[in-house]
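Below, subunit A partners subunit B and then partners subunit C, in two separate complexes.
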Partner chain A sequence: MNQSFYGLLLFIFLVIPPVANFMESVMVIHMHMQMPMLVIAGFLMARFFQKRFPGFFVKWNSNGLPGILLFVIIMVYWMLPRTMDEALTTQTVEAFKFFSLPFLAGVSLRNSWKKLSSLGKNVVIISFTVMFIGLGWLYIWSPVQLCNNYLLIEQVTLGWAFLTTAIGLVIYLGYNFFIDPSAYE
Partner chain B sequence: MKMEADLKTGFKDKTNKMLGFYPEDAKISKSYIAVAFIALLVGGFLGLLQGLNRAGLLELPTWFNYYQVLTAHGLLLILVLTAFFTIGYFYAALSHNLGGLLPKVRKFAWSGFVIKLIGFVLAVIPILMNEASVMYTFYPPMAAHPVFYIGLALIVVGVWMCCIGAFIQVANWRKNHKGQHVPILSYFATGVFVLLFFALMFVAVEVLFMIIPWVFGWVETINVMVARTLFWAFGHTLVNIWYLTAVSAWYVVVPKIIGGKRWSDLLTRVVIIALVIMNITGGFHHQIIDPGINEVVKFMHVFMSLAIGFPSLMTAFALFAVFERTARRKGGKGLVGWWKKMPWGDVRFLAPFIAMVAFIPAGAGGIAQSTNQLDQVVHNTMWIVGHFHLTLGMSVVMTFFGISYWLVPYISNRVLTPQINRLGVIQTWIWTIGMIFMSGSMHYVGLLGSPRRTSYSTYGDHATALGWDPYLMLLAVGGTLLIIGVILQVYAVFNMMFFAPKGETEFPIAEEEDNATKTPYLTERWGLWIVIMLIVVAMAYVIPLTEFIVNAPPGSPPFKTW
Partner chain C sequence: MIKNRHNTISLFLVLVFGFVLFFIGTDGFSAFTAETARVKQLIDDKPKFPEVTLEDNKGRKYSISEFEDKYVFITFLYTSCTTVCPELEYNMAQVYDKVPSKYLGEDIVFLSISFDPERDDPATLNKYKDFFNSDGETWRMARISDQAELKSLLDRFGVIVIPDEYGNFAHNSAFYLVDKKGSLINVLDYKEIDEAAKTVINLLENGTEE
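Take a look at the complex of A and B:
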């Protein structure tokens, strides 16, 4: 069995209503587990699309820039408190979430990442790091409840999750910067 | 790899016996191991005092009461014995595997040694003065004398130095051996030191930023739940560090001693990586009964704890497969007949073997305790004490004993004589029977409700408490056997270290199977595994910690409850 199939299984698992309901019931799990897992599902399924429509990707995403741009746009869109709220209250937005994260973000990430130069990769990671620090700051120190559906404590928890993720990314960047793998491999 | 290629010629080959022996490095391991076994001797006697007290046979004097004894017993055996043994053993492996320790690394190991000893002395003084009867868990709001915590902080720093030394050693070797896999025991060492390094950060934060300001009175209160959580993120990881250390001998050394081959290199490394990534988050199973954690979070953590069962089961499978293959190659027949072909008279095999078998009931008990409803029955009873004397006192410590019968001669340039081997076999059986008595009765009397960490009391001759007495008596019988075991073991170690006949002993490292699959280089990318580990830790701890801090109840001032 190939990874596209595993991606599809993961996707189906995430869509099942009890699973989706559970994950969406906790704000930080909604944003930091369900959404990334949807992206991962798309990332795995991308193999299928790449084999099926090779011409499409060559034509539209030859240097990876359009793809990574689409990825960033989709990710940023779903990090807004407003869109999370809407996904919980409006069916069509929820459907769009389950479509856009795997098929627009996940697939284009897979198709673009290897094509980027190391500078491009670093720019992407650094911008996400900065964004995560900003969002962490927003969610932790915002005096008001930003989402109708989640309590303030959940919002603060999410803020800390953003900050710890950002710390993880900083460590990764530092590791990449200071350690030259070719000295070891 | 040159070293491994040389060893291929066989266990008894004289030409390679001296390979990979560095006297300067052996001194480090010798000192660490000597301290470990002195800790066993002292800690064992304290254990005996506790066992006799619990059976109602011995009243402890007011100037050295039950809780002082218990705190010292816990610290000596859980911290000193295990940490010093682990470091001594893995430093010997690093030296042997990686062409000798760098001078810089030796300095790290020695400074770590001195700093840890100073820290330990500082921690013991207040215990002896009855100013620190807080048990090895030192849960706030119980507060000991500040010097106790300064001692603990120094121990942390000392262990960190050993971690850093090991990292330098491994990184240097890899630079000089591009593209090669770190030899398997050093790979275990890397995993263990990575875990130690990160786990210690949690207690360091607890002790330095929460407890020390609070016992000095710079802040008035402490957040008890946060402190307990930080403690167990470390404490639980420490447990798995012992386990990983014991497992390293099961995977790598025991097959060599029985004349067999090592189980799949790839799977071994996968087990190590899995344990490193998933470990720290298991800490919450020590807080299953704690208030202030909601059920969803507790449920997630049960899942995380049980996930560690998977590599453990893989280990059990791998090892029994190795035994069976080896025994069959030696002509063992039948479904169970191959058992006869195992070297039962060799303590280097017997002790770790019984340790492995003990891990089966020990692991089963652990799974029961991870279950909230079942744990409500046994929480804070003697059952728990029975559980860790089985896991730590048997599975881990008996493996350490088994290791000592070749490691100590190896680092002392002496040999294991048949007499000491026989002594070791006797010691192993005494220890086994003693632990079965002691741990078995602890488990049972715990089910009947006898509390842990409580000196002898009949609770005004209450019928329930009187019903515990027969089991507590068995506990004392087991404890008495164990102290005989302790004396024999410590005698054997110091005999092998200083008095056994001179000679060369080999460091037993088993070869891979002939048709082994090649291990992918990905297993060497520690940077990647550490980042994944940190992400898993964040996933597990962000939700409850935010809850504890943001919705915290009023903090607690320090209390001296004794």
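Take a look at the complex of A and C:
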């Protein structure tokens, strides 16, 4: 049993309608569990694609930049309040979510991350940190309800989840900056 | 070198893809929330006010044809609401006050529609209207008792109402402007009182919104 298989299992599990419906019924689970798990499923399945089409990734994503950009685009897209709403009300948008998060974002993250320099990695993490702080601020202190399908209280919960994630990222960045792992080897 | 060229091409393709994705996903960078998308869609579609039976604060029953040849300025509310509805109605009152009185009841009628018909009977509505100095004639408050009819109106005008566990409703709010033939012609931001009043007055004076 290899990891691609587990990735596929995870993906199938997430697609099962009762599971999907449950996860989408709570806003914070929708954005902070279902969506990342879809990316993880793609991340695991990426090994299969890398083995199957080794030339493709070397040829078209040699320095990792196109891949990571694709990853960022897909992630930002799903953070728009509107896309989250439409995933619930429009079938095609929902289908695109289940395709794009694992196969576009997850696979390209796996393929690109190791190719990036440490500067590139830090730029990506810092951008996400800034974005999460911004989104947290937006969802918590927005005077209006951004999503029609969720209650305001869920929107605030989601905002705090964004802020907590951002805090986690800041701690990671600080750790990376101040601590030299080789000193402990 | 060859490798790098491919890399540049794919980088470019990804950028184009991202641009197209966001362009389509936000109606040309104009609607980032489902609410703005909804309003845009409504103004494009101009849906007709469906045939429903309204029961107003005086207990009179009629359909939208009661207001034929008049513009109707509509809000949706429920009287037990303690958050956005009082603000919505208070702002509606300010728009009402800005409209020259010669038009009121003649060319335009203000109408607050409750989506909570069980609690908002005519007596309740009649009491509620007094908080906003509504006269019950040129500004009426009404309920739609039939659930299927109510739903048809809410669906057509894109009003989303989610009951929460405390007997309240979460709902989106706006000013809805229906023309003399019963078609929705504009959805206005209920927080922009001056702008809404200007639109209404222009419409009454010139017959156009400009």
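Worth pointing out:
Basically, the second predicted complex is superposed on the first by the 185 of 185 C-alpha atoms of A that agree within 3 Å, B and C clash if a C-alpha of one lies under 4 Å from a C-alpha of the other, contacts with A are read in each partner's own complex, and residues count from 1 in each chain.
What we mean here is this: a residue touches a chain if its C-beta (ideal position, glycine included) is under 8 Å from a C-beta of that chain, and two chains touch if they have at least 3 such contacts.
Keep in mind it's a predicted model, so treat the numbers as computed, not measured.
In the superposed pair of complexes, A:P36 makes contact with neither subunit B nor subunit C. Residue contacts after overlaying the shared chain place A:L80 against subunit C, while subunit B stays out of touching range.
Between subunit B and subunit C, more residues of subunit A are touched by C.
In the superposed model, A:E185 makes contact with subunit B only, not with subunit C. Residue overlap on subunit A between its contacts with subunit B in one complex and with subunit C in the other: absent. Subunit B contributes residues 171, 174-175, 178-179, 296, 521, 524, 527, 530-531, 534-535, 538-539, 542-543, 545-547, 550-551 to its touches with subunit A in the complex. For subunit A in complex with subunit C, the residues that touch the partner chain are 58-63, 65-66, 69-70, 73, 77, 80-83, 85-86, 89, 144-149, 151-152.
Residue ranges of subunit A in contact with subunit B, taken from their complex: 26, 28, 32-33, 153, 156-157, 160-161, 164-165, 167-168, 171-172, 175, 179, 183-185. The residues of subunit C lying in touch with subunit A in their complex are 3-4, 6-7, 9-11, 13-15, 17-18, 21-22, 25-26, 31-38, 160, 162, 164, 170, 172.
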